[in-house]
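Each chain carries a letter (A, B, C, D, E and F) given by its place in the written order, and its residues are counted from 1.
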Amino acid sequence: MARIGVFVCHCGENIGRTVDCHGVAEACKDVPGVVHSVDYKYMCSDPGQQMVKNAIAEKGLTGVVVAACSPHMHEKTFRRATAGAGLNPFLCEMANVREHCSWIHEDREKATVKAVDITKTIIEKVKRNVPLNTIRIPVTRRALVIGGGIAGIQAALDIADGGREVILVEKGPSIGGHMSQLSETFPTLDCSQCILTPRMVEVYQHPRIKLYAYSEVESVEGYIGNFKVTVRRKARSVDEDKCNGCGACTQVCPNKKIPSEFDCGLGKRTAIYVPFPQAVPNLPTVDRNKCLLFMNRAKGRPDTCKKCADACAKGAIDFDQQDRLVTEDVGAIVVATGYQLYTIGKDQPKDNLKGYGEYGYGTIPDVIDGLQFERLASASGPTSGKILRPSDGKEPKRIVFLQCIGSRDPQKGMEYCSKICCMYVAKHTMLYHHKVHDGQATVFYMDIRAAGKGYEEFSRRAIEEEGAQYIRGRVSRMWREGDVIKILGFDTLEGEPIEMDADMVVLATAMRPQPGIDALAQKLSVSYDQHGFINEAHPKLRPVETNTAGIFVAGACQAPRDIPDAVAMASATASKVLGLFANEMLEREPTVACVNEANCAGCFHCERVCAYGAVEHKDIKDRAGNVVRVIAYVNPGVCQGCGTCQATCPSKSVELQGFTDEQIWGEIQALGV
Amino acid sequence: MGSHEHSHDHSGPEPLAARVQRMTGLNPACCYQCGKCSAGCPMAAETTLRPHDVMRLVARNRLDKLADADGLWLCLTCETCTSRCPNGCDPARTMDALREIFAAGKDGKPPKAISAFHKSFLNQVRNHGRLFEMGLIMSYKLGGGPMFADVTTTPSVLARGKLGLAPHNVKGMDEVRRIFAACAEEEAQP
Amino acid sequence: MTELRELARRLLSEGTVNAVLGWEEGPRGARPAFVTTPEGADTLIFDHRCVHNLASYLSPRRPHLKRLGKVAMVLKPCDARAVAGLIRETQIPRDKVVLIGVRCGGVITDPDSTAPLTEATVADRCRGCPDREGHLADHTVGTAGPGFAGPSKRAQKIEELAAAPAEKRWAFWQSELEKCVRCHACRQVCPMCYCDRCLADKTQPRWIESSPHARGNMAWHVARAMHLAGRCVDCGECERVCPEGIPLGLITRKIAQVVSERYDFRPSDDPAVPAPVGTYRMDDPQEFIL
Amino acid sequence: MKIGYFPGCSLHGLSREYEESLKAIVAGLDTELVEVDDWSCCGASSAHGSSHLLGVALPARNLAIAEEQGLPEVLAPCAACYARLASARHEISEDPQLAGRVNNVLVRDFKNTVRVRSILEVLKGQIAGIKARATNPLKDLKVACYYGCLLVRPVQVTGGYDDPEDPSSMEDICKAAGAVPVKWNRRLDCCGGGLSMSRTGSVVRLSAAILKDAKAAGADAVVVACPMCHSNLDFRQKAMKHRGAWEGDMPVLFLTQVVGMSMGIDPKTLGMGRHFVSTDSVLARTAGTGSGSGTGTNSAAAVAGEVG
Amino acid sequence: MSTTTFIRTEDLKGLVADLRAAGIGVAGPARTSDGAVDYRSINAFDDVVLDGQPRNSLKQFFLPPTEPLFKYQRKGSDVAILEISTTFPPRVILGARPCDAAAVDVLDKVMNWDYTDEPWFGRRAATTIVTFACPGGDRSCFCTSVGLAPDATRGSDLLLAPAGDGYVVEIVTEKGQALVTANAKRFGAGAGVEATQAYRDKARASVEGHVPARPDVIRAWVDAHFEDPFWAEISLRCHGCGGCAAACPTCHCFDIVDEPETLTEGTRRRNWDTCQTSVFTAHASGHNPRNDQCGRCRQRVNHKFAIYPARFNDILCTGCGRCARTCPAGQDVTEILTRIVAMATGQGGAA
Amino acid sequence: MDATTPAVAGGFEPRITAFVCNWCTYTGADLAGTSRLQMASNVRIIRLPCTGRIDPMFITKAFERGADGIIVSGCHPADCHYNAGNYHARRRFAIFRELMDFLGVDTGRITFSWVSASEGGKWRDVVNDAVTRVRALGPFTDYRKLVVDPVATATGVVPPEHVGKEVPA
């Protein structure tokens, strides 16, 4: 039989003014199971808490109801007091007679009746409460960072500098990401590679960072503090231990005409290649789709070309290397997979992206995108920093930049603003102006979004000091006539149509998440939006956490981000990870779901509604070891306690502790007439 | 019963944007004035009312400015604006709705020549069920169209057997007239 | 029929299955049959009186049937939806049962009736049923009649009720539900009710009072309707077996209409199609929410 | 193959050569055109600009009749008719309320089951047949395929049978007929459409730009699939000259005529003589292998007698 | 006592009117909303439908599907019990079937076994059962195989059988006599029992031979074959729905539950239950002695034809055939009993 | 009258049970309190972690126990603390509401709303509207009548739940 103590708080005048607190305490005395019912001026004061403790000891209470303010205010206080008296803290609950009663009603009689009801509801709940214990989960204090761009690099370095091991997985042959492709960065125009390269080297040399380049996450199991990650280490065809990065192999490769991914197709590379001179790790990789030997093998022909192997003094070339799967235990994961650019061609990866036929579907050679322009402007780029047209290598004297290509365009692209284009277009006009002094840069824009430290000043400089012509309006059509590009536009400020000729056009195409992010998100069971960007747990207050505990997000895989944003996010994830790793054990509220194994029918409706992937399949075996039933098991480390599973379970075989059906039934019962 | 009352009592005509939205199901506020429509408009050079101007004036409730200009009637309904609009605004359909508003005659008048042409055209259809081109030319002229610059070419048209001299009346004339009448009646309702 | 018997005989004699679930001629018309020998295959029948949804027998709630071992089951296109449901909800592994589809042009309501299958006698759920054969079966036998077009009498009754004022509906359902004696036959025959321990049998807490008074009956039928929402395959068994003649099909059909209208879902015999309850779309209609 | 056929007013009036050539070629393509009974005008741009409902109801009447005739699809060769019919179908299917209003106005139980096909869509499906029957392939005839506005856009209405910004079906059909499509820029620009009578000046400006671009690209002829475009580009060449906007003569052919020529059909049958700009130059280029009349005379008198 | 009298149809109608006027409830087989026939409260004899067996038996008139036993109130740790009356106002059931009337008499034994069931006998005392001799049944009827007959008087207070323009009335009990006496003007001279003989013979012929009339043989076989594979075989098709038990005039198992109404008040109720469901024998421990349908199917036959006979020397079955008619899966008691007799007499075995 | 019955001063005062989620509506109701927004006192809140936890049976049980009206309220779409609980609840209650309507329950008695933690004012409006609406509908006696007070039978009246089954006197 329950022995419940009820403690009604006056909260000074706050409750006492409109609620007859003594009357409430008296009314509760008749409730079956209540053995102690008192009222007091300030329950949360030390003497008030002491009253609770004393009553627990003296009356042998099995449950405590404090009728006072919102549980959001003082639940912790009174649970602590309860625990202090040796009673399980989860046997204490609060009846909210302040926010939900005294503060919103004037009529004393009505408010008192309501306060009694509220208290009775909680009495009935507490009668059915059971002792719960905080869940403690061991934490593996190593982190996985997915993506070796600037965000991933920053996160990895910060975590490693914080004293924890990091595994950094990069799918490309080198870390560095898009930032390594940039020429200069806005708004300071400092050299991108100059600031990035040292960080890349630091990663490589850091004793607590294990770098898996040319690798991808194969699968992820487990939950916060206890992930098991399988990484596919793709075969480079080069023995990492033997190779000394001399580059002799790349010199002799006969296939030299492969468009370089790093140079966005504007430069060429060989089939065995290092993507760029500062690559980390500085190891060549054989592109098996382009290597003559592998092309021959694919056709069933004998190996002919082995020039690279012959050239290698270390015997590091290994054509028979296979992909390897390695498994790592980690306690936290940072997703930093970055972005790709919208391509304007017809062959868009998703149906709703139609490409830009009116701009020639990207078939006009001198229409390039912003990243290609970066490569042209980069001193290490295919033109050694000269702005030259891809079609004929001439210097364009009239260059036109179009903003919002694929951005802010729900019809053919994405409705969102890609955030960085306004700034990099301004930067491009300046770089162009610095390199082609007699050239004219024109920008078609819709709005200039330059909210950032020094950003507005920077974009104004492009217009005011560097001669860029800004035309407010979108371009309707472009086509090629002879060697000029005809542009049909409209100046909405002037109110006139514009037909202009350009030698080169740069499209500021939209930022999109990396292809395959959806598959990765599914492996991690984190949610993503309709564009594929990873969802943060809360847009304001938990911007670098995902809805899956222990998985964090940094950089442009969450939304379009510029470098400072990405770096700030990365450091934020590192601080979250280090915070998580501060303790060997993780403590969690015991408000988690629990399966009644005898009752579970194994329909897995719970699994379908669980947003966290907390429901697992559990085999029930007979004595002979045969599986006789498969039932649900809720992993308490993963469960967040929403209880959707319980409402969904047809046989009510899963119970959310702290909000069980018994408890809620009692509450409803308490309100009966 | 509810605590907040909703009333449409504040008098005055319905805002143009709301009216257009009611007619077309499109939200004129979607236009962010990028001008891509006008950039591709074949009539942009001739008209003072380019598609993005139209969208703006609708959003700003400027029935007066729209009524003042010929632009609406110069639209070729080529759908270029609609096809290229990044935000799905459909200026062509919006202009249809505006023409409809003005054709009803209560809010301003369409330019004589173009209006006369459309009137003649529809009269032909109402009276015969199909277009009687010769009849159209005649009635257009009588209805106030400019002295037809092509009168000189008409004989050559006839000579090529291109113009019939007598109208063809469809059998379902009653139905066609009923459609005209029913539409007029339907549209007349508030 | 020969085709069916031949197939059953073959499956049994080759040892592919230990038993074939089908229909036979019983003392009171067609009834479920459990054939365990090749010779027994000759007792199998299929005609328009084979109304029973045998999928219920696959439910794991029946240990006495599990002992038969691997079974083949004869199924109508509508029964296939139930089997798909059981597979979808991980109640039976697809590879543990052989499915013999029979082409079907509709059944009547009473397996003991001698009436021919006509527009007048066809079971209401068959009106408008587009499926002549299921897609789930391993083997498909027989030929099907052309099927029957609407109008469904239940749909008409639902419309009639919907048009009536709420008090009328309340009165109608009270007069019907009051008849319920809570034998739970509706649950027992339902292929989609497979919980070992039904919610209605749970006592802590007692959400659904076991007493067959109007209040307990209301709670039971509301819970049943909610549990079957988006899962009911419209086999009509609950209504057929109700010893008190309560028109339970009106409720299940109504909910099916709601689910179909709101979420564009109809019961499917494809186990891969997710059920509409347990999934969501971010833009689901929510006109009823303030 | 049987397909519904909605000629529209122009094909029975100013552009009867379009119908003549269409009928001539479908015979060779094993296609039967079933004319929509007692069809009426689609309302063109005049209807939808004055009453939206009328603009939907007039085409819907024709679709309803076709539906009653049991026609699953209807070919509207005129691009404007196609646009009106297809857009009526689209709007009715998207808007159940509009569907109800249309049915009320029509007093017909119209279920909106008839698909509307453009000439490009239909001929694209027959490319193999066209190739097979091109006994007289138009070798070296350089054509500028002109789509104009309404054949391929907006894509919601057309259903996307061709790319709205970079279409290829007309080129494909012309290639099948042996002609050589040129690459040019103004394939999708508007010719001035319905303003032909009321604002000839605009039409002259727009159409002349199109012809100039075609000429610059080296085209021998412009190919169209719209009576309005044809009228503006062909008939208005004279006015263009008057106003000094255009020099020279650019034959403007209907796509069906191009196909017909490749099949070796008599130019008279194809109505080649009805054009204002002589098609002789085109016919001359294909003369060697042509059947029958060789150089078609394009004098008005030569054909006037035969058509009433 | 077995005297006869006669009532004309007109008087029967008048009798109903008289009873109603006197505030006495009258029930009889009448049409339900879904077109079936069931025992219902009637206002006039014209409501009575005599063709077709009522869907349910008379059981629910004496053992309702749910009935309150008492109400309780709690205050603090005190509990107060509020008794519920077991005295009921008088009523007459007109047009009962002999098999249904007999069932009530069969159940009197168990209801008066280890204690006297007050609500049951309260209702029994208040109720006069006027049975109409059965016109004959269908192939599932077998009353003659369990010692009854279409014109059996067991359980009836009066038995009516049609003759001429009315009914020959057999007065079976004193309660029946009291009804006749209280309404003497409605009864009078008429044809004798012999006038109904053809009617009775025809009815008897229609039900005979469906099940061998060997209850002793059945009982012996059931007693001796608890583990026979026969039970597993017949249970295969059973859904465990309990429809048979609900429809059965003699199945009488019940469950007792406390239903709280508010925090402090509630009712103890008695509700129908059936041995055909898994929860019927489920123990709180989780153990279930009858953990599959095989045991449950056996139990039903066992209880009716062996256990009840052993305890009360009576058969817990009146051969009404409702279980066979209602079974959704075609389980048929006539088939089961016939096969048992055949097995017992060496003419067959489990398939 | 015991203390649990709302004061009846000149008319019917409905009893309304509200099932709300902890993160949005409960906190929104807290905000209404801290903002001292006055509202009708007829609503009793039962706090749950998420609308996804709310089972339709809670509602039938509350009706059984004499509630005249119900409020179900949680986070706006996309705001769910648990990502998707409210989406699941939305489907569940869309169906439940139609079911109740079909069974003849006036759906005006059941209010569904999204009230965020910042919408104290909206919570007040939801409460006041629901109270006004249910007050107009009157007490939900239909549901309460589903089972009789057995005390009545102590006087010898036959339980009306047997109407049709037992002959009334």
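As a working rule, contacts are C-beta pairs under 8 Å (C-beta built on N, C-alpha and C of every residue); 3 or more make two chains touch, one makes a residue touch a chain.
Remember, predicted model here, so these are calculated numbers, not experimental data.
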item: Shared interface partners, meaning chains that touch subunit D and subunit E; value: A
item: Intersection of contact partners for subunit E and subunit F; value: A, C
item: Greatest separation from subunit D - chain, by CA centre; value: E
item: Busiest interface, counted in C-beta pairs; value: B-D
item: Chain whose mean Cα position lies farthest from subunit B; value: E
item: Between subunit F and subunit D, distance of the C-alpha-averaged centres to the nearest whole Å; value: 65
item: Distance between the centres, which are taken as Cα means, of subunit E and subunit B, whole angstrom; value: 81
item: Centre-of-Cα separation between subunit E and subunit C, whole angstrom; value: 31
item: Mean-CA-position distance for subunit F and subunit B (Å); value: 54
item: Interface hub residues of subunit D, defined as touching at least two other chains; value: 164-165
item: Junction residues of subunit F, two or more chains touched; value: 61, 64-65, 84, 88, 92, 129, 161, 163-164
item: Two or more partner chains touched - positions in subunit C; value: 179, 197, 206-207, 211, 213, 216, 277-279
item: Contact set on subunit F toward subunit C in their complex; value: 56-57, 60-61, 64, 77-78, 84, 87-88, 90-107, 111-114, 126, 129, 142-143, 145-147, 161, 163-164
item: Of subunit A, residues touching subunit F in the complex; value: 23, 27, 70-72, 96, 98-101, 103-107, 109-114, 116-118, 120-121, 527, 547, 591, 609, 611, 640-644, 646-648, 656, 659, 661, 664-665, 667-669, 671-673
item: Residues on subunit A engaged by subunit B in the complex (per definition of touch); value: 358, 404, 408-413, 446, 472-477, 488-492, 495, 497-498
item: Touching residues (chain side subunit D, partner subunit B) in the complex; value: 9-10, 12-16, 38-41, 43-55, 57-58, 61, 83, 95, 101, 104-107, 148-150, 153-155, 164-165, 188-190, 192-195, 197-200, 202, 205-206, 235, 238-239, 273-276, 300-301, 303-304, 306-308
item: Touch list for subunit F against partner subunit A, complex; value: 3-7, 15, 17, 26-27, 29-30, 32-34, 36-39, 41, 44-50, 52-55, 58, 61-62, 64-67, 81-85, 88-89, 92, 124
